[in-house]
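By letter and in written order, the chains are A, B, C and D; residue numbering begins at 1 in each of them.
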Amino acid sequence: MLLKVEQIETYIDQHHILQGVSLEVPAGQVTVLLGRNGAGKTTTLRTIMGMTPPAKGQIIFQGEAIHQLPTHAIAQKGIGYVPEDQGIFADLTVEENIKVAMHKEDAETKDRLAWILDLFPDLKSFWERKAGNLSGGQKQMLSLSRALVQNNPLILVDEPSKGLAPVVVDKVVDALKEIKDHTTILLVEQNFAMASALGDRFYILDNGQTQLSGSMQELAQNEELKRKWLGIA
Amino acid sequence: MIRKLTAPPIWYGIIAAILLILPLVNDSRSTLILMTQIFIFAVFAMSYDLLLGYTGIISFGHAMFFGLGAYTVGIWMNRQDESLFSLLMAILVTVILCALLGYVLGVVTLRLKSHFYAMLTLAVAGLFQVGAEKWRSLTMGNDGFTFSIPEWLMDRQLFYYIAFFFMVGGFLLLRRFTLSPLGRILQAIRENEQRAESLGYRVLHYKVISNIVAGIVAGLAGLMYGLALRFVNTGVFGVDITLDGLLMTIIGGVGTLVGSIIGAALIQIAHDWLTDLAQVHWLFERWIILFGIIYILAVRFFPQGIVGSIQRLADRWKERKM
Amino acid sequence: MDVLFNLTLNGLATGMLIFLLAAGLTLIFGLMHVLNFAHGGMFAWGAYTGVWVYAQTGSFTIGVICAVIVGVILGGLMERWIIRPVYGNTMQQILITVGVMLVLSEMLKVVWGPNQLSSHPPELLAGSWQVGGFIIIKYRLLVILVGLLVLIGVQLLLTRTKLGLIVRAGVSDPEMVQALGIDIRRVFMIVFMLGAALAALGGALLGPYSGVIHADMGMEFAILAFIVVVIGGMGSIPGSALAAVIVGLAGAFMNYYVPDLSLAVNLLLMLLVLIFRPQGLFGAKGVQQ
Amino acid sequence: MEYILETKDLTVSFGGHVAVNGVTTGFPKNQLKSIIGPNGAGKTTFFNLLSGQLKPTKGEVWFKGIDITHRSPDARTRLGIGRSFQITNVFPNLTVLENVRLAVQSQAGIHYQLLFHFKKYRKLEERAHQILEKVMLDHKSDFLAKNLTHGEKRKLEIAMLLALDSEVLLLDEPTAGMSLEEVPAIIEVIRGLKQENRTIILIEHKVEMVLDLSDSLMVLFNGQLLAEGSPDEILRNERVQEAYLGGLHDAS
């Protein structure tokens, strides 16, 4: 198991946001974290990254406990993060945004960069533009590129479809499909169409707890489950 | 902090009684002067506490009000006769000038974030100091000048009592102010500005009011200081005056008023004592270092100060009882 | 004509000294949102170290180098033991850095005594050149040159190096920088030490420039640097450079023509900026509440 | 229908991102209307526009026939629009009673008094106690607000809102971050408010609660008003379901 999250509980100020989340992310797959607004999906990712460290429980990555490490050390272990708001450095150019993430400049990294630019040709054409001027979809691609250029065994992607036009969402889905062959993904997504197109396994969060898990296919066919946990009724 | 004052009034009474009897028992000139200084600086520190502790504003230029008071009385006494009437006029002018300064400065700068306000007040106070240096015809520049005051005020013992009642009056007035509905709003602003606004309060108005009141009280303290020394120079605008007030407030306990009085007493006494020690070893002349270090440690580890910490202990004790 | 030229040169030199102080101030604020009220203390320490070492060794260069080293050390100690523990608490930061300023200036008096020290430029830089009818004081030229070099250096550092890249990224989103595997606290420390070093360099250059140094000048220059940072815009190096030149020139000209109003003019300038363009000439954000 | 609060083509954008896009809607007097929608739909932003924390790029906000688009948050509070915050937002170092009393004081229009008649003061305190009773917090009135549990802080938040006695109440996720056991108490409080004939606008993620309490719903999606109507209508609305489940391809 690449990543194992065991019964974590997280507080933000005094809000008890995660009240027992457990999940497993097998290598080479896309694991999707589903759930309604405010269920604790984003906090789960932030807790894994060490931005909101857990008060209880543990997080094991590649056999090593990481829940007490600072964020930068967790990132160095090989976890990439693509946050909900993309975390773009708006005043830096596209090139510079990627350079911040490149800790090595060896041949391998350069190859990977070339692959990334093939994947997102848009970035190449805006290479020297300020990242703040990119469209939402391009920002999403840039954010993904930063996580990919580091060759992380695992990347955490938070709602990549949020606020994007459907055409752009399709593009992002295509890209993630290709990325899937290179790295393991833990994906938070509310757009079910997207989640089912990409996901192998799913977890449903509600009220800060993992409620349900299984294969994505099963869930896609079960209308009742979908409505119960994801719809508004 | 809003809660009933922990020290029961009887303590206040006893301390006040001791202070009233003191000059009759011990009429050494130096003790009287020291005590008078403590009273005056206690008022200055309390006015600082109104800003820092009750409204959450950090000013590094509070000395400008203090200096304004000191210069006003000096210049007035020098130019006019040294009668009671001139003294009253000087008081009136101090109040008006400080109110104006507090208003203008408040309106212009209190919209800014705390760093900027702190920085700006530091700069404006610097301007006053330079102004006092340069406007020689009025201020005699750097060296300052001495002036005479009404004959009857020269009596140290009488002046001691005046300063004492000045402090008591200042304390009661500011206490009344902080406990008034308006004072409560100030504390609400300190705690959570956005929330105070969403309750319907115009935050800037209150900050400006607090600035004006603190300014007037500090100006009056400066005026008393001038009267006590019968001398004034540019030092009254100095950053160290502001820092003294800051130190007294922080060490005594922010947001408590009583803390400012205790802080003023501690620091003035220590100051006096360490200056005496300077004759023993020159290092004691640099007593500010000691204060600076204590102050840094206090900000870092002891932010409630003496009175605040006592209150907290008392609270814990009470809660345990409940 | 002569007077104008001299005043300009003088103003530029003073402006550059202020810039050295303001550069660190503005960088530290931009990256960490800490307004360091003790920054003038670094400046004063640099000045004393520079003058003293120069007097002891007879070498101006060694004096400057020692000053910079002292700046780096003070900066490192301060970041680790004073700033880091109160990180994120604005009120404590402001109060505590002012305390450090107080201690730093008093410590100067303990080490070097309460009297002012005098200094003069080294032989090589003493005197002046006569170019066409203009007298150019050599040392002033040096100060201007150093200031320009630092400006270019800092700009290059920010735009051409990985460290600079990280600093700029950190200004816009420090949390994300960490999520990319970078220890931002180390970057903070480096920037803080760099800022302190620049301030100390400015101090060391000031000694021979003004002839005498005294312990309270840290605060005086810090006030000017604050003014510069506000006018130029928090976090902007070019803004600080431009504002420092404006303040330096305004000071020099006013000092000559209306000496009583020189500080007042700069303050007035700052007030105008705060009222009409609170984010400064080279707009950074976050001034108003 | 008579609307107490209305928006006309309300739009706000940050940078290039349009967070609220041309929302025209109205809030009927004395009803509870909820705003729902997936993450990032612009619900809290819309709230901030109503309460004045944000200024719109375009469009208007009307309250009882007055254009309040350019009024400040404190002015809107004085007019009668009170709001609670998603993040607990109280005065931490003041007592619970003092927190509420400050709100009562504002409502009573006592803003600049220095000297004060004690009887009148007593009245304010009595009123504060009454309100604390209403939210079942009276036993904690002498506690500092920071020492309350999270659920109690939310109650205090609502008490302060009640004290303002506003005609319109904006409640932003009153149950956010609460443990499940604490939720029913808050629902009771809101139900009580409804009976007092106030207009309530609610953002809430707990769906059962929304359906149970609301007279009507409006659905935001990508900053736009996707649908509005009674809870039944919204439940039956295909587009809304799709928006939630993510298949929705709107025109934009």
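One rule holds in what follows: a contact is a pair of C-beta atoms (placed from the backbone, for glycine too) under 8 Å apart; a residue touches a chain by one contact, two chains touch by 3 or more.
Everything quoted here is computed from the prediction, not taken from an experiment.
Participant: Could you work out how many touching-chain steps separate subunit B from subunit D at minimum?
Facilitator: The fewest touching-chain steps linking subunit B to subunit D number 1.
Participant: Using each chain's Cα centroid, which is most distant from the centroid of subunit B?
Facilitator: Measuring from the centre of subunit B, the most distant chain centre belongs to A.
Participant: Roughly how far is subunit A from subunit C, centre to centre by C-alpha average, rounded to an integer in Å?
Facilitator: So the centroids are 43 Å from each other.
Participant: Could you grab the centroid distance between subunit A and subunit D? Build each centroid from C-alpha atoms only and quote it in angstrom.
Facilitator: Measuring from centre to centre gives 32 Å for this pair.
Participant: Where the CA atoms of subunit C average out and where those of subunit D average out, how many Å apart are those spots?
Facilitator: Averaging C-alpha atoms per chain gives centres 49 Å apart.
Participant: Check each residue of subunit A and list the ones that touch at least two other chains.
Facilitator: In subunit A, nothing touches at least two other chains.
Participant: Residues of subunit D touching 2+ other chains?
Facilitator: If we look for residues of subunit D contacting two or more partner chains, we find none.
Participant: Dump the list of chain pairs that touch, please.
Facilitator: Taking the chains two at a time, the touching pairs are A-C, A-D, B-C, B-D.
Participant: What does subunit B use to touch subunit D in their complex?
Facilitator: Touching subunit D: residues 1-3, 176-177, 180-182, 184-185, 187-188, 191-192, 194-203, 205, 209 of subunit B.
Participant: Applying the document's contact rule, which stretches of subunit A touch subunit C when the two form their complex?
Facilitator: Interface residues on subunit A, with respect to subunit C: 49, 51, 70-73, 75-76, 81, 83, 87-92, 96-97, 99-101, 103, 146, 150.
Participant: Across the complex, what residues on subunit A touch subunit D?
Facilitator: The touching residues are 12-17, 19, 36-38, 84, 132, 135-136, 159, 161-163, 165-166, 189-195, 207, 226-227, 230-233.
Participant: Can you name the residues of subunit D that touch subunit A in the complex?
Facilitator: 15-17, 36, 38-40, 87-88, 149-150, 153, 173, 176-177, 179-180, 205, 207, 211, 222, 234-235, 240-241, 244-247, 249-250, 252
Participant: Residue numbers of subunit D touching subunit B in their complex, please.
Facilitator: 51, 53, 72-74, 77-78, 82-83, 85, 89-95, 98, 101-103, 105-107, 110-116, 121, 160, 164
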